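In what follows, a single structure is set out as structure tokens and then discussed.
Chain nomenclature is as follows: A, B, C, D and E, assigned in order of appearance, with residue numbering initiated at 1 for each chain independently.
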């Protein structure tokens, strides 16, 4: 039983508007609002899953059927991604309960709630300009959250992010303008129908502008200069949310563009090549990073490179693998970030060198980190293995053996730097004078949820795959998507 | 429930259970793992000769688990060693920290190895292979941070191997659309020659890393040395056998043995086999030489292990039924004697706290059982009658001679002879000679540690008596691999130049041993015990501080002699390669200059680039 | 036509400021220039020669007499988003100034490599 | 160096952008079946708002507007968070001259009324919530500039902001409850070109006007607090 | 009409260039607001009174003020 899906956008906004008065009544209550609201979103997405798998659920807004009004199109893909986003959001919200306690914490929770809502909106909406608006909601809250600690580095990172992000929105707007000028519509399904009649010289330009714009959010090289700084300087849960929420929305937009809206084949090769370059550069950059979170940031970029490779293959199985990888990354990278956050906090330093012996001081926390590291390396039986395996198998099946070999090379580099950290955690003597503090239960619960999901997805990958298959099918066969949206108008 | 999945779940379950339960009590965690292993081993025994098959689908890939004689043979090695090592650890690990972690990694390794041998498809093979890699990696880094570099080297090399294998098996999948072994053996001959060669090379890299074949062996000495001793026994005895198992699969099940057999053959052996044989021989020779100059007991054994695996590869690569028999026989043998020796050295380490040969000596009276085990061990390693090592080595020589590979036979024989040197060093410096004062009051290890060693010792004696029992099993395995079973009566060992009846040999040896023993104990009863101060340097009695002992610089002249090529160590090349690569990677991150404007410029450049190539994107 | 040229020139000048100017306030100014350019471009895409604004201010007007209202609606949104981003950017600039006492972007690169 | 590279690449981009946009003819009807034309044809009947831009912004694409309001809200919140400090800096500005002060005091209500007019008549004439809100904010700016000690009451400001935003969402939710979908019109359309027409559009625009006004004022206030 | 448009465009581009070029940030911001103003006139000419009003209120008024406050806070001259 599900309620109207538009509540998934409306309620977070409503709650965000109401947080300031609520904060005046009780400061303590505010931190539970995101948990509650995103929990509702999670429930909603789980309940919608059986419906959307059968046929896309079209939600009309303002009573105007699709081409006229804005609609939410909850197909398998949107549903899965919104589910991932809500899940990560939910877990991070739990983690947040005890994370941000000083002033102005109500603003923090509000921004985080809107970040999640924006990303959810991005993956659910069926209108390209609406997607832009939600992208802006997501990125503006990201900018603000990156600088939220008001420290020296946070502001710098936020400015870089904002600079690149503004360029992204410029390009996206230009792309949308071109599309509207030539097709006369903003509804993605209708654009997909009409783009065939558009002068390909214009269409390709629109595609390039949009791919560049969304590529910035999807951390494609060389558009990802903002990412390492923003990931590493934002408050830890926000770093996790970037990896689990923001990037996912960016990749979704990219996938929607190249698969559903446009019909150009060459762009897939570009994405494939961009993917492998992204992966390699990121892994190479990560190997000698001194700061833990910055290293994780580069690793995150590298993982997105793998996803891009999968999307660039444009085969059913490849896309399934890519989606699986996105799912895994959304579970594992927050796990790493969240555990790293407390490791950094307790060791009192951002540097990897100072993590020595944390495994003995904080065993559970370090266990979660090591678990995440093993999972992201793709070691069986954790879930990272399957997604990497499918992507590589598909890469090779399509004859890109060199790309697969390079990706594997990247994986080896990744193994080196992760295991160095894990080794430090467990096999070096802790520094003198580490004052052991208590890790909040809420944080441990949050990490525990992610770890359990990773393990289950690893041992029983079909459990996840069942839902990813229709999502991949939706991308590769756009007729269902188009038909179901346009039929809603009749 | 089907037996194979049941065994796997028991093993993995044991791993997790011993970790979780292990938080409570020492006995519980060791007990859990021993009981779990025994249970699984018991179930496994029942699988002999059955054609158990279990298959299901994961993510649309077919997973096949099956049991055949070859798997059973290797499974036997795994379970035998694992159970003995676990019992040994029961006492060895007492009082050490993080025993739960140890039990977890150990059971995980055993489970994954069993998974490998029952895999009937490449996917589950690779799956378990990776689990094996990381779980054994956990064992290597078990001892603190010093082990990290070695552990990382082990892991990275394993990853390189595993990924080479992954590439190969994915290419197979791309070609055949399935991962099953059966489809591969049927389809292999359909591949183009170039593809066959590629696949062969990739697979061999994958397996050779685990089998520690030159020049991919550099992880082995440190990893063997640094892992806890009971595990080292398993590591060298069973885990490295997985590489051999893989080679067996590659050659005979996948059909790569026939590769190029119609194009290039050298003395009746296909080219890849011939090349591999040379790799094996060189590995045997170099491993032996390196072993001679080691001062660390475990390192010595580690190099010895590398050398012995070289023999096994040599046997396999001939692809004749005798060669394969020899290889398999030696594989089992190696598991037994290397298990024995590593456990024994572990026992010595347990009591003395050192692995340095030069610091030990004269332990024979203190640890007679261990001495006995090492004695038997070195006899069988050296390949002397009457113990099982003899049969194995003999078969290898014979297989080589049968193919008229005289030169290889000479190399192998030379390596085998040279092995005496290090083996002698091992037993002499530890057990004979003078005992340093501080070891005066050490005791023999507890029975829980003695028993596994003695079981293995008895096993090697038993196989010395009855090699046929093992050879029968090997024959069954060969049949399942599609090789003509090795007819015992064709062997020179038992034919043409006269029969060697192992039973007679054994009896003779037993009698001689007994007589010598009696003689020594009666005639030389009055032999003088020399004190520590009985060495004279320039006519002076050395003081306590220069208490020299034979064991120091034991083979110095030899070491000096071979130093010219030992210096050119492959591991140094790898290390410098790794350093340079890392330096190169490090340059990459300077792309991220930290200047937001530069990042913006990247965006603009990317956009301009896309505009420029826009016609390609259509 | 001339609107296109003007708009694209504005965009280019803005991007130039973003890429070359060292002062962060200048960079943010560049961003607003880009925004204006994009807005002009979008509105001019909706313009139809000889038609009036899409407001039925007197009953004689029919649908055929009006320019496309959608780009205008979009630009309305875009302007507001633009000012929101500008405001946030400037507050970040103020924060940076507090910490670094300079606005030269070349000197604000502590996060690198 | 950087300049040269920048100019080079911008030249590239400019050339390609311009040549593409020149393919899109200016000032003519390009798409016959466009959604814009549909709005022009049916918008008046369907929404009852004379100003079609308003009907698109508030009704057809009302969801965008909700997002847009959120963006502004986010910016205000984000700035509040970024420029937050425990001790607000004391304003040390000079009071403006008496003429300005008096003028400001007279102008202030007029500006507020103008702003209110603009957003109340958003569905009839050019203008609407955003424009009206901006005008109101500029009225407050005038007061900030003229009076050193002028403070807006933060609690009231934030309450207006929250309640206006909530009203927007609640109108949407009422549409969901009583109509067919979120933001659906549930009020009678009325006669075109009268104040009480166009269903919920004026209501939403009034809410938006209040919200935008409050947000922009808060934004200015936050900014001004950072300067002495 | 065309002449007016061309004059406006020239002013617009000159304003934009001045915004980028000027060392004095206040002058740059003023030039920027001139650009916004002309954009607003453009919108009016393009039959978009709503947008023109918004641009005038927000682009010309509000953002200029915000820039001014920032400049006052951080320093008037570009380094």
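Everything that follows uses one rule, which is that contacts are C-beta pairs under 8 Å (C-beta built on N, C-alpha and C of every residue); 3 or more make two chains touch, one makes a residue touch a chain.
Everything quoted here is computed from the prediction, not taken from an experiment.
Minimum number of contact steps separating chain A from chain E: 2. For the pairs C-E and A-D, the larger set of C-beta contacts lies at A-D. Distances from each chain's CA mean to the overall CA mean are smallest for chain A.
Of all chains, B has its CA centroid at the greatest distance from the CA centroid of chain C.
The chain with its Cα centre farthest from the Cα centre of chain E is B. Centroids of chain B and chain D (each the mean of its C-alpha atoms) stand 74 Å apart. For this pair, chain A with chain B, the centres built from the Cα atoms lie 44 Å apart. Spacing of chain B relative to chain C, judged by their CA centroids, is 68 angstrom.
Work out the mean CA point of chain A and of chain C, and you get 28 Å between them.
Annotation for chain A: residues touching 2 or more other chains are 129, 133, 136, 140, 143-144, 147, 150, 155, 159-160, 163, 167, 174, 181, 186, 205, 228-229, 285. Touching two or more other chains at once are residues 48-51, 54, 58, 62, 66, 69-70, 73 of chain E. For chain C, residues that reach two or more other chains under the stated contact definition are 3, 5, 9, 11, 15-16, 18-20, 27, 41, 44-47, 53-55, 66, 70-72, 76-77, 79-81, 83-85, 87-88, 90, 92-95, 108-111, 113.
The set of touching chain pairs reads A-B, A-C, A-D, B-C, B-D, C-D, C-E, D-E, using the touch definition from the header.
Of all residues in chain B, those touching chain A in their complex are 57-60, 123, 127-128, 130-131, 133-134, 137, 141, 144-145, 147-148, 151-152, 155-156, 159-160, 163, 166-167, 170-171, 173-174, 582, 584-586, 588-589, 591-592, 594, 596-600, 602-607, 610-611, 613-618. The residues of chain D lying in touch with chain B in their complex are 2, 5-6, 9-10, 12-13, 16. Those residues of chain D that touch chain A in the complex are listed here as 16-17, 20-21, 23-24, 30-39, 46, 59-64, 66-68, 70-71, 73-75, 77-82, 84, 86, 155, 158-159, 161-162, 165-166, 169-170, 172-173, 175-176, 179-185.
Interface residues of chain C facing chain E in the complex, by the touch rule stated above, are 2-3, 5-6, 9-10, 13-14, 16-17, 21-23, 25-26, 28-30, 32-33, 36, 39-40, 43-44, 46-47, 51-55, 66-67, 71-72, 75-76, 79-80, 83, 86-87, 90, 93-94, 97, 102-104. Within the complex, the chain E residues that touch chain C are 5-6, 9, 12-13, 16-17, 19-20, 25, 28-29, 32, 35-36, 39, 42-43, 46-51, 54-55, 58-59, 62-63, 66-67, 69-71, 73-75, 78-79.
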